[in-house]
Amino acid sequence: DTVKIGMNVPLTGFAAADGKSALLGAELAVEQANAEGGINGTEIELVHYDDQASPKQSVPIANKLIGQDEVMVGISGSYSGATRAASGIFQSEGVPYISAFAVHPDITKSGDYVFRTSFVGEVQGRAGAKLIGEMLGKKRVVVITLKNDFGQSLAAGFKAKAADFGINIVNEYEYSIKDRQFGPIVSKVKSDKPDAIYASGYFFTAGPLVSQLRAGGIDVPVIGQEGYDSEKFIEIAGPSSDGVLITTSLDRDSTVPEAKEFISAFEVKAGYKADMVAASGHTAAKVAIAAMRKAGTTDRQAIRDAIAATNMVASTGTISFNGLGEVKKDVQVQVVKDGAWHHYAVIDDQKLLTPPVE
Amino acid sequence: MLGLSGYEISLITSMGIAVIFALSLNLITGFCGQISLGHAAFYGIGAYTSAMLTKAGMPFGVGLLGAVIVAGLIGIFIGIASLRVRHDFLAITTMGVGFLFIGIMRQWDLVGGEMGVSSIPGSGLGKSGFMFLVLGFGVLTVLFSLHLKRSWMGYAFDAIADDEDTARVVGLNVSHYKLAAFAMGTALAGLAGALYAHNVRFIDPESFGFVESITVLSMVVIGGIGSVFGVVFAAAVLSVLPLWIQFIDEYKLLLYGGLLFAMMRFSPGGLAGLVKQILRHISSRKSLQKLSGGTKI
Amino acid sequence: MLQLKNVDCGYGVFQAVHNLSFSVEQGQIFALLGPNGAGKSSTIMSIAGHVKLFAGSLHFDGQDISSLLARERVRKGIAVAPEGRRLFPDLTIEENLTVGGYSQSKVKEAVNRDMVFSLFPRLTERLRQPAGTLSGGEQQMLAIGRAMMAEPRLLMIDEVSLGLMPKMVDVCYNAIRHLKSQGVTILLVEQNTKRALDVADQVCVLESGNAVWQGSADEAKKDPDLIEAFLGMTKESAA
Amino acid sequence: MLYVELLAQGLVQGSIYALVAVGLTLVYGLLRILHVAHAGLFTLGGYIGVLVTNATGSLLLALVVSMLVVGLLGMAIYRLCYQPILDKPPYVALIASIGLFIAMEEIYRIAFGPYGISYQNPPLQDVVYIFGITLRLGEVAVGVGTLVLIGALALFSTKTRFGTVWRATVTDPKMAESFGVDIIKVRYLNFFIGSALAAVAGVMVALLNNLVEPTMGSVPSYKALAIIVLGGLGDVRGTLIAALALGVIEAYGTIYLGNYLDRDAIAFAFLILVLMVRPQGLLGRA
Amino acid sequence: MSKLLEVSNVRVQFGGVVAVDDVSFSLNEGELLGFIGPNGAGKTTMMRAITGVVTPTSGSIVLDDKELVGLAVHSRVRMGLGFSQQLVKPFRNMTVLENVTLTAGSRHTRSPLGALFKVDRERDRTRAKELLELVGIVDAADADPSNLPLGYLKRLEVARALALDPTLLLLDEPLAGLNHAEAHKLADMIVDLNSAGRSIILIEHNLGEVMRICSRLVVQDNGNKIADGDPESVMNTPAVRAAYLGEDMDNAAA
């Protein structure tokens, strides 16, 4: 007999790359836990289904995980839409659900059974403002925003705090997740003459964006976020990536054993270097496992309470939740140096990083 | 209830919604011959309308009605604009309408913009109650489609689908018929969208994009364009196929794409065509033979 | 020159022509006659290579062409002005003729084009007009002209006078006689029986896919039963 | 200056659109089918370009190999996928094509991984200054290459005998055959040329973005459709004009309208406006 | 006799081509008018202007005291025009009978909403059968039009127009593609229709039949009307002879 953790994750379609990392991360956590004897001797099984990052698919999948597979906890290795739709089902069926990296602010608002182990966009946006305005001392900033929930919530957080750090937003541009050609934006940004650029995006948009900015002769600092956080970003942007800073959850040079161990174990398992999404999948699974161990029963209410009371060190830092189920942890700042991600700073200003409570 | 699990109920509900949605496109594309590559926009209009109305405190029924009316009205408006273009030009124009819809919704903060609309109220009927409601609407849509096909309106649609210019020459007010098809098809799509919104209870622009328009068109074409039962069957199967073939994991979409292709390549008439082919094989030989006897005047 | 032996042909499962045999000599005009649906067009299109041969054989210049593709047949010297004209509607008159002469060298194309224009001067007035917008009669001229561009040794024309005004019918038949004098063999289908009998050397009458009469045109004119029964003319009008 | 620079950027993007769309135009012009899977060939072109360049260091060789392989695959797709359903209504081929496209994307993902691949030493990245505009060499190459390739094609299809015949096969292939045209050959050639041009576009886009992803074709899959419709369906010159126009509109649009509508919506708003005025496209015949 | 159709100063131009140049003529109720002229003279174009498929650059067309120019094709059909086209255009996804039944039931399809509530086709089918019988192709009632020879399609086209029960029937070369006997028979039918009170304009190159059945001829050449009157005298007009008739005069009697 096994104890089941359910997971919805995109394995096909446009989000398949992130889905794969998240799944491997979660699998790693389960393997590690099983090697330590599972949950009080019972083996843990990770049941996962491909949701193509679509709400339409994630709703029946949530029902299936709960009704058919009778999972104790669900985790989402998927994007916002799919996660948001599934969270309602988990909430109404009384099964705890942890979002590994989906950013949509409403996810945790589904109710008290829903948690998130990654930052809401706003929090990270605020960290970005502090990084640029205070730590780098740059004041004239151009904001380039990815037009989706991720980019928008980052921009909202950034703009809310920009003035506090003396930042003057000289111009703002939006682009869509499908864009890879940024020629027009580059031309315009050049004429804006900024001191720094705050650009949201994923590695596959940010890679081309950064290299085109550099080719266009713009050499001011570019500040990104966890969406950049992949080896792939450096590969795409090549030498242009040098010096790019991001706010994220994973510290490559971490001295924390959990993080170090994760980074090396993941590379063995996956055959490529760990990234933020992988670490997030790992963290979410770890939180679920720890809670089940602590609850010691198959009572979902007890497991939920255990999750709410989480206080543990994971690959993405020290995790605890606020009343809404939002994670409280430090923001890592990473920089590209010599073709790899490295430690730059940690932002631990808990006041700035307070997650929303409602 | 009925011994159905929550999962099965949600599958059947999804199927039912897909059936209504596919039949709504079948009215426009199958019956009246007007190809649309942007039908998901009207699905989305229905979903947003009902979501916003019920979130504003209106009862569920008002939400549904509002969805039908708003989607139908916008459908007529788009229909009027689309009267100028034909065939593939129409297909791409409707595709453009789809993209424009998404573009507007993304930007429109009143309806959540990129963030979409969360916490949409449920139907208040419970899971299985909602399933029965969806099935009820599904059955009504099927009956309506069957009636339409047999009626003189369906007859006129056949003519228009075949050759618009000739249809005019035999006295059909082609524009009015096309608009009627658009109005009915988009209103029904609005209904399907509203049901979707209250089922998934979270909507965002991306849920009503090009992929969704293509998906519903493939349901219609695979079912057999213009056929009612073929489309019902294809919509039911295709809507849950991705969930059924979970076991092949990352080969899922490959199989799905391959199936779409293979179906068209080997049975271009869709499922309905396949059945008809078999039936016709036996009966129609005779009528041809009769004529080959030659005629003497 | 052209020989059909026991030809069965048709569409899919449907057989339009049964066991048809006839032969056309070099330089002759051969007319296929018969009522609607008799299989005249089917016969022509099977010689052109478009209608499927179920059984029997086609010989051209003593060579079996039954299995040749349509485009190989035109290179052997067979061209067709088909029923319904089947012009390329989006192409201009000029371009339609270009396609007609595609199997010929460019030099010959120019010569043939001049010949077509001298036969149908009306076409020269509208060189750039898309064929689809021509009047019925203009289309018919273009269809015949296009076939002539291939410089055929066997020219097949389905429904020669269809849609042509009396004067133009004369023009066409003059053209046919002219081509004959140049040694071109002609196979034609015609509803205007009298015109056909006047110009033809040999005649074959089809009905319901079967040949019901074959012989010389002179004999045909003298056979009142034939004319009344199959060609639907009164004796007086045939005389 | 900014306006000129935006114009240049728009033309570069438009050139890429043109390279992809022209193949679609050729196929549409000949067979009246909307060949969505063409975008899948474009992606494959990119993959082959990157793989061969990384293995041999020669972009030129990569271009040649990519054009050849993709061209041949285009021919195979015609023969195996479209030819058998040509006499069916057009949406049959459309859905078949969409199915094929989805399957192709997934095959790339499974074969080359979900993350996409990049050039190890991306060529043509040097920056040149033309009349005060900064452009990468790759961008210049795209613009110039497109004009030459498509210009030649447009001349070929309207001015040569073969081009005329080519168009004749559209409405009545059987009759064309009756005048000695080998329609199979015409169609093979057509698919080869169209697909090879898509391959060029794939290699160049890979170069400009330094990224080839399994989903690289998803935008071209529909935008190229919009372009050929805008151009008047089946008209090579129209396609070129429409593609460049769209590229330029998008370039200005992202800057001045980007905060109101996304790029796709801008493009399609333009499309709809044009079609309301000219329902037959820019160069289409009424 | 009252005027049914009055065409005045109609001009149709395609780009540089003037297909119909300032033509006027009229048709009395119950007349069977032959509209003839050389190939490319603009007869079909005139007919299309009357039905509304092309828009005249100037001129007016009045049917039953109502101006037609500016009205949509379908409205004109509803006002009593029936139209059999030179290039046959059957609905190919319907059988021959269904093609005719559709127009036989045209009163059901006046508005979409009304059409939605009517289902029964039996009566119109019976009527359609009668019309197919009348034009002589009832044996092909259940056939697929794509498989039919031209002669059949021509008559289908006529039957379909007739089923609209038009006050004015426009026939564009209905006899083309028929042999003597077939043409003769269809021409007789046209006469019967006319005697039953239907006004008809017949465009036709089969002069023999035209001369036999028409009570009046209008001749158009090169976009201009060159003659109008009773068949005998029109045929004796030198201009008509020169433009239209062949050297083989027997033709006219064939």
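Letters A, B, C, D and E mark the chains as written, and numbering starts fresh at 1 in each.
By definition in this document, a residue touches a chain if its C-beta (ideal position, glycine included) is under 8 Å from a C-beta of that chain, and two chains touch if they have at least 3 such contacts.
Worth saying up front: this structure is predicted, and the values here are computed from it rather than measured.
Path length between chain D and chain E in the touching-chain graph (shortest route): 2. Touch-path distance (fewest steps) from chain B to chain D is 1. When the C-beta contacts at C-D and at A-B are tallied, the pair with the greater total is A-B.
Seen from the C-alpha centroid of chain E, the farthest chain centroid is that of A. Comparing mean CA positions across the assembly, the chain most remote from chain C is A.
Centroid to centroid, with C-alpha atoms defining each point, chain B and chain C lie 50 Å apart. Note: centroid distance chain A to chain D, computed from Cα atoms, is 36 Å. Our note on geometry: chain A versus chain C, Cα centroid distance of 76 Å, whole angstroms. Once the centre of each chain is set as its mean CA position, chain B and chain E turn out to be 41 Å apart.
Within chain D, the positions touching two or more other chains are listed as 106, 109, 262, 264.
Residue numbers of chain C whose C-beta contacts span two or more other chains: 14, 35-37, 232. Residues of chain B in contact with two or more other chains: 106, 250, 253-254, 288, 291, 295, 297. Those residues of chain E that touch chain B in the shared complex are 51, 53, 72-75, 77-78, 83, 85, 89-94, 98, 102-103, 105-106, 108-119, 121, 136, 139-140, 142-143, 147, 160, 164, 181-182, 185. By the touch criterion given at the top, residues 147-148, 150-153, 155-156, 158-159, 161-163, 165-166, 168-174, 176-177, 179-180, 287-288, 290-291, 295, 297 of chain B touch chain E in their complex.
Note for the complex: chain D touches chain A at residues 1-2, 5-6, 8-10, 12-13, 16, 106, 109, 113-116, 118, 122, 125, 127, 134, 136, 139, 205, 208-211, 213-215, 218-219, 250-252, 254-255, 258-259, 262-264.
Residue ranges on chain A touching chain D, taken from their complex, read 12, 14, 16-17, 19-20, 147, 172-176, 178-181, 183-188, 191, 204, 207-208, 211-212, 215-217, 230, 232, 235-238. Remark: chain B residues 29, 35, 81, 84-86, 88-89, 91-93, 95-97, 99-100, 102-104, 106-107, 210, 214, 217-218, 221-222, 225, 250-251, 253-254, 256-265, 268 touch chain D in the complex.
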